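There are two complexes below, and they share subunit A, which is joined by subunit B in the first and by subunit C in the second.
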Partner chain A sequence: MTAITASTVLRRRQDVRYRRIEDEAVVLRQSAAEVLVLNGVGASVLDLADGRRPVSAWIDALAEEYGADRETVSRDVLEFAGEAAAAGLLEPVPGIGEPG
Partner chain B sequence: MSFGAEFLRHPDLFPGRRSGETWGEGSVTLDVPGGPYRFSGLAAAQEEALRHRFGGLCRPAGTGGVEDATAAGTLVFRAPAADFLEIDTRGWEYALDLDPAPSSLRVAGLRLMARLDWAPALAGGLWTPEAAGEEWTSVCENYLRIVVAYRLLAADGVVLHSAGITDGASAWLLLGPSGAGKTTASRLCLAAGAEVLSDDLNAVVPGEGNRPLVARLPFTGDLGERQGRQGERETWPLRGLLRLRQGPREELSPLSPAAATAALAAASPYVNRDPFRREPLLAILEGLARAVPAWELTFSLEAGLWSILEGLAK
Partner chain C sequence: MSLARLMATAWRQNLLVSVLVELTYRCNLDCFFCYNDLGLRGEPLTREQYFQLFAELRELEVLHLTLSGGEPLAHPDFLALGARARELGFVVRIKSNGHALRGELARRIRDEVDPFLIEVSLHGATAATHDRQTRVPGSFERLLANLAELRALGLRVKLSSTLTAWNEGEIEGMLDLAGALELPLQVDPEVTPRDDGDREPLQVTPSREGVLRLFRLQTERGRALGGEAPLPVRSADEIAPAPAGKHCGAGSAGLAVDPFGNVYPCVQWRRPVGNLHRQTLKEIWQGSAGLAEVRELTVRAAEVVGAHGPRASLLNFCPGMASVLSGGDPLQVYSSAVQRKELLEEVLAEEARRPLLPVIF
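The block that comes next holds the complex of A and B.
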């Protein structure tokens, strides 16, 4: 499993569809007809996972959006990104920002 | 496992279009939500079996005038029994194998192959070696469940794995996968004097002003046939949604619109596995989740479940 760091670039997997509803997101995965509900931060991470910006840019954006301490946001986002990758929602973009 | 490999001896020879030798000249049209649905190419014994199975929902093809012109038509073809794998069904949970594409859907199952094509209008082909009796109606019903789910989705409706409970004026839908307690909850409500529409699959269709209506489907679970009498009311205003959990004591907690949408998506068979129809599905389900209240209900076997529902209605 790829370790997620602030320099990792992640994108949503192709089979992931989601819909933002108020401050949450409903996520569907094609492979298993699996349905998840993400909280506001999780939903924002899905929005940000465009395969271009590294995780550090998400942390900056979310710290500003929520007016929260960057260190705390960093810890939460890295933890969530790792869980989302393990759950098959996000995947690293090959050759961009992967830890050497 | 590749598409069809669980059921078919030669999945690579799956029919590419609606063609083959039909069973006969018979035809039946079914009045089911999202329909009508017309089955053609039937042998006399297949036609008779469908009339026996679906009773008052059947009518001879061609008697519905304009409605018949809009029927979702399915041609039924012979298929050699040798094309299908023998499956030991003891303790086996049956799940149809679906292969969705932008304008078609392939289906493989127990002694059935089917395809739906949407160009220009929805048309189906069903291949089976089953010539008559319950084996044939079971094939037909499994196929019909899928067609109804897709037809309703196209009409801003949805089929839901649910128990539909009514007091005669409006209806509740109790959501949950197999084992969540839909049949148990249905029995509890039935014993308390409520009517059960189905303990397995119910339809929701848009009513006047887009108000959601529950429509009875002829598809039931362990509780058995709940089909209404001919001419009897077949739709009820949807009063609320409950995601079921069995637990040691009763507990009721409201679901957020997102959680309700997720519960509905998990309970939308067939179409929730189709990546080409997920956005419209989620849009319809979000609308539904916002239109009616939704809760998670933990209940026990001793629960006065119906009184809980009645209490919510007040």
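The block that comes next holds the complex of A and C.
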């Protein structure tokens, strides 16, 4: 499994569909016929996972959005990104921002 | 927050989550109890109008898009519309009779539409019964061959059936057949009138004993699986929400569109709330007086149903069904709903009387 760092660039997997409802999101992973509910931060991460910006940009955006300490946000986002990748929601973009 | 509570929020706040589009009423089968109004006339939506509709649905953040009919594959632009739905990121479902789902077309649907689920109709456990209902000889054998092909292609398939007087004696065989095919089977115990109010399909309404037998079989099979009912694949729009102050999501989280652009609160509630030849979907969703009335009616329906006690949900009451059966009153609780509740309560009582399994040390 690829280690997720602040320089990793992630994108939503092709079979992930989601809908935001208030601050949360209903997420459906087609291949697994699985429905999940993500909290506000998780929903924002799905929005941000466009395959262009590195995780560090997500951290900046979320720290500003929630007015939270960057270090805390960084820890939470990296942890969530790792879990989301393991759950098949996100995947690294080959050749962009992968750790050496 | 749980998914049920999230869906309840969608109902309360009128957030459109799920849309069913009937692309055409053309069909390659001729089912006796088909609910479509085949006499309905109008200007069919063009490919460009569908693209515009899908774009609007994307703007409204719709999650589920179901392509239905008639037989949706009979629409000449089916693949192009399905591919556009996929591109826009919808969870695409296809409701089909399965008759044309084979060969090159099946492969292209997998590759170009990538549906979350294909719901295919099964009408019996034998060719005699299935073909009697479809009124097309050979449709059963062809369906079985097509289902094998769909599975080999890796497509996700669910079988759907309506319990009728003609197939109620084969329901065990149908469940066995679905099991052998390793496909979930959802059986609807209610035959409905046609969308124009024609009651001819009610001639094949299943018997009380037939419905009771279905409920017992479903319960037994659920128990045999260790308490987990053999539920079909479900998606977010099929989750029963936590109390939302509304009876259902008709017109609040869902809509249906017919081939001529008429918009309805639900596929079963044929009360037009707008037409896409005259308005945009967004205009209808945000400004239709008819839709506002429907939303209010679902609030009142929750009160009507709630008066039936703590197990009122067993009625599985549908305002659309009530409207067509009563000649226009969506709040009138109909006899088949009452029967359904009585029979389910009977089965629940039987389950409660079952002795606990002995524990052997």
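In this text, the second predicted complex is superposed on the first by the 100 of 100 C-alpha atoms of A that agree within 3 Å, B and C clash if a C-alpha of one lies under 4 Å from a C-alpha of the other, contacts with A are read in each partner's own complex, and residues count from 1 in each chain.
By our rule, contacts are C-beta pairs under 8 Å (C-beta built on N, C-alpha and C of every residue); 3 or more make two chains touch, one makes a residue touch a chain.
Predicted model only: the values in this text are computed from it and were never measured.
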item: Partner chain(s) touched by A:Arg53 [first = subunit B, second = subunit C, both, neither]; value: neither
item: Which of subunit B and subunit C A:Arg13 touches, first, second, both or neither; value: neither
item: Subunit B versus subunit C as contact partner of A:Glu22, first or second or both or neither; value: both
item: Overlap of the subunit B and subunit C footprints on subunit A, listed as residue numbers; value: 15, 17, 19, 21-22, 24, 26, 28, 30, 33, 35, 37
item: Touching residues on subunit C, where the partner in the complex is subunit A; value: 1-3, 6-7, 9-10, 13, 15, 17, 61-63, 89-91, 114, 116-117, 156, 233-236, 239
item: Subunit A to subunit C touching residues, read off their complex; value: 15, 17-22, 24, 26, 28, 30, 33, 35, 37, 39
item: Residue numbers on subunit A that touch subunit B, as the complex places them; value: 15, 17, 19, 21-22, 24-26, 28, 30, 33, 35-37
item: Sites on subunit B touched by subunit A in the complex; value: 256-259, 261-263, 265-266, 272-273, 275, 278-279, 282-283, 286, 289
